[in-house]
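For reference, chains read A, B, C, D and E in written order, and residue numbers begin at 1 within each chain.
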């Protein structure tokens, strides 16, 4: 087991009452796994990722990498943050943003430049080298963050909704890119997404989280063929089945804790808020 | 081109109005300490001859440059340390605040005990005064580094000097620039104050001598020169800043769409 | 013309009069005189404001914030040559005129090779203000002792800092006045030149002054102030122990120093001859630029 | 905990001053050891005149600072928010800023004598610029996305200043106020020292010219402690007003 | 015609060479329209939205609202920004963030509170009133931004990828919420999205933009029944047809200008970057 999450619990202590983001999570990733993580918004996916990246100390439990407890960011791990815009350095050009971690890794200049150019070309930003991140569109920024992670050639890659801001076509291309990377380089990938199709298309397994207080609801093995393809895989009947299953699970997860949203989202904005919170507490 | 011209025009408009007001406001002045502006302008070229500039203004500027450099260096180093380590801040802040509140005129004699009465003392005085805005702003800038960026650096193993150079200093640089800009004019003021003690040349010394010897138009011409000096240095500073912070100004400008 | 300056005659109650002084030994008589009621008896309600030298006091006098001020003679002559409308109204303080027993002199460290005023040539000497009474009189001392005064390099250091500067070797010699002179002596310092004594016998060092405007508009007040001041000076000159006492009220000089220090002289007469000498010395040293002070306009 | 650490810093300073004279670096005559300064401080504190001087200084400081901060913030926001004004005033501000308050002493005395106004004039002149420049930089730091959000929801000029510009500039303003607070104290004391207006400064001047060295250091120490107190207060206000800011919230979590 | 975009062109002038974000766009929205806008990443959707909101001055052409040229943000228009995180004020609690525009609109206190509570409940954040935005997950932040726009009760609503960060179920709920709002209150809505299903499900029309230099590629009328429903509508065969059509269009749009990405995305990171840019310039 490469990455091992054991009895993880995270409570944010704030000025106000503490927020229990994660109650109890236990799961593992073998070397070379590609696992997708889905769960309702606010259920603690980002929190989990940060704990696994060694950026956040768990309240209870632990994360182990190669059987060593993670206490700080381990080497060889790359993270693509959900807040892609804020994770790029506004004072550096796109190229420098991608190059910085490599420079830090001690890679020679020539090779670095090749890696950067390649990574940027691969995400479709071959002509944006000299732009600053804030001169790019949201989707382009996100792709820079992806390029940075790809160029870094990590052993473990954690991605937090990395394709949220790109268009359908680019998304499909990037999905294939990720699977390609994974197959060729044997990277271990944990991939957070909201897109159920994407989760099923990409992953060997899909971990479905419950809504807050968060536990693992189900770990679903994806028994689709190894070689996947946007057209054939997605029209596969097994794919449709899996997808429906995941959807139902998430729906159920949300239903359990958030009956109200569903009712109100449909019914429009009729009643006063008082009655809603009452409804909830019932 | 026209852009540049309008900018120069705008920069000159208010000073011209103020100088006109000064000129006409003091035209018939018989107050000994408020001579007519005409008188001041007449004395200006007489007082600030080439020889005076070489003998008084230049040494002052060199001391200013030295003191300012020391202050920037010390302020940023200490600021990064104090800003990023909460413990260190808790220990050092009261001591620093203690010294910050002591006026230079009473501090100078104490500094003289350690640094003598030569140029070293004056440089120390200038540095000791300039360092505060830089220090405070650096501390605040370092404390305010964006959490997501900090996480990004940590997860890519960018730590130590690389983190300092690529994250901390860059992200705090707008605020450090604010501090450096404050410090510039404070440096000029302290240059004057330091030359009130144990000096025998310098711009501040000359102005104080004029004041003591009741050469009031000469004194005013010196004050005028100080103002011009401040203006010139700030223009230089702006140029440097707009280069160093191009990303920052560009970002703000680009995203501020209209106009 | 009309003015808002105090013009109440003596018999209509007292006039509030503000005097700008420097909180040093020299102005002890005015504090003593106030204590003794010499001013109150002349209808003057005296208030002392302390400033640090002419830069703070002269503008106050000119603007009418102060009615009278205290300043050394050289500064007043400089002001006069620059056309500052002021006039001396009373004597302030004078040198004792005694070699070895004056209230100010040029001191060196105990182990200094400097033995006499002549040896000061080519040395670094501290004075409180450049181009003023200190350096002109020190030059005169050196000149009289047969040295070359033009080779002295003067640096400006406040009297209170001089003992430290001297002890620290930052200057070779320092022109010090009381109470700092006592401090230097207590550390084993030697006085090598008595510059006031060398400059002129019974040198008038400082005086009280007023603006010419006040003299015109309220001659009576000026007259009363001068009378009261003269009475105070006389009293102070005769009662050294009371002077040492009153020093404790407006300075923080400790008892020991107060008892030990040399007091200056407080004659009522302004020594015109000595001031002329100072004027000549100052002129030779270029203190007045290319002008010559008009003493008849300045002195009463 | 931070209080203890802070005190340990100051204690270190006291210790240093205590031992310094014994090392021979300076003579005890010129920098007396801590215990003698402390003894002098006890003497000072026993005197009524000390307290009235302290009060005078504090009044001049507080009034001067209040004026400077109010004027600096108002001017800074108006100038910063209107680009034309900014372009118009830039050169004048840069011209006036480096003019030392000490050079204005004759002018102040001429206008107000040794009244509190002349101290105030110097205090306000010096500390105004500190606040102004900080506010100008703060206004410039407004996040364009936040600003656009406000504009698109039709927030008027005043509402944008109140709800967007002001909170963004607040960290800068706090630094400006802390800078100005110390500068105001420095100038209040310097003015008293030179002009002789009543206050701690003129007491320091008297102690200096009387060669009462321990008393002088005692008074200087009081000045420094005032500074420490002022900073403590400023930090308290900051924790209250800036709890949302990265610099404050970052510290609670990690 | 309520909103009229005429010959719009926007060039970003930078320190470097100018970037032509939009070449020439002309289209219109009638009062009560619900139009979705799709296009490749970086094609200028955000730029267009900002021009329409009066936040960005067009280089050429103009945007007219009720036949008046837009020169600044017009009243009664609400915008949900793509950079949702940065568009929330970190110094205000969630409630204050939502309430601020209302306060500014001069709505009475009581009513304001009701509106805020209702809007927050509707997006599923009934219990987050007192939290600060930076204490929320990405999806929650985005929902606050949506709640703010909803509570504002605008005449015109511009939304820039508003559901990018929320999970599938919440997304479905929010889609229904938007359609509900639109049908009940007659708001005119322009909705930018990357999700093609979403565009077809939501819109009366879908405007497909070409990739940069940007022009309108196609305006597609969505002839699905007025009453739509997540289950039935999405399984409608007409829906599938429309969605396939849009997908093909976007794919074509991207192909035209970005052949390389497709090839490289699939082929993985084999060749050096040099050869790629050469490939492009050919």
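By definition in this document, a residue touches a chain if its C-beta (ideal position, glycine included) is under 8 Å from a C-beta of that chain, and two chains touch if they have at least 3 such contacts.
Owing to the predicted nature of the structure, the values given are computational and were not obtained by experimental measurement.
Enquirer: Shortest hop count from subunit A to subunit B along touching chains?
Expert: Steps on the shortest route: 1.
Enquirer: As a test of understanding: of all chains, whose mean C-alpha position lies farthest from that of subunit E?
Expert: So the chain farthest away from subunit E turns out to be C.
Enquirer: For subunit A and subunit C, what's the span in angstrom between their mean Cα positions?
Expert: Comparing mean C-alpha positions, subunit C is 83 Å from subunit A.
Enquirer: Taking the mean of the CA coordinates per chain, how far is subunit B from subunit C in Å?
Expert: Spacing between the chain centres: roughly 38 Å.
Enquirer: For subunit A versus subunit E, what separation do you get between their C-alpha means, in angstrom?
Expert: 23
Enquirer: Can you list every residue of subunit A that touches 2 or more other chains, as numbers and ranges?
Expert: In subunit A, residues 12, 14, 83, 86, 135 touch at least two other chains, as defined above.
Enquirer: Where in subunit D do residues touch two or more other chains at once?
Expert: 30, 106-107, 110, 145, 148, 193-194, 208, 245
Enquirer: Residues of subunit C that touch two or more other chains: which are they?
Expert: 55, 58-59, 62-63, 158, 160, 164
Enquirer: In their complex, what parts of subunit E are in touch with subunit A?
Expert: Listed in rising order, the residues of subunit E that touch subunit A are 12, 14, 16, 19, 38-42, 44-46, 82-83, 85-86, 113-114, 116-124, 126-127, 130-131, 135-140, 143, 150, 161, 164-171, 173-174, 176-177, 180-181, 184, 194-196, 247, 250-251, 254, 258, 260-262, 264-269, 271-274, 276-277, 280.
Enquirer: Taking the touch rule as given, give the residues of subunit D at its contact with subunit C in the complex, in rising order.
Expert: Against subunit C, the touching part of subunit D is residues 27, 29-30, 105-107, 109-115, 193-197, 202, 205-212, 215.
Enquirer: Can you name the residues of subunit E that touch subunit D in the complex?
Expert: Interface residues on subunit E, with respect to subunit D: 50, 53-55, 72-73, 75-79, 81, 83, 86-92, 100-101, 104-105, 132, 134, 148, 152.
Enquirer: Show me the residue ranges of subunit C that touch subunit B in the complex, using the header's touch definition.
Expert: Those residues of subunit C that touch subunit B are 53-55, 58-59, 62-63, 75, 78-79, 82-85, 126, 129-132, 153-158, 160-161, 164-165, 168, 170-171, 287.
Enquirer: With touch defined as at the start, can you tell me which subunit B residues reach subunit C in the complex?
Expert: Counting only subunit B, the residues touching subunit C are 32-33, 109, 112-113, 116-117, 197-200, 205, 208-209, 211-216.
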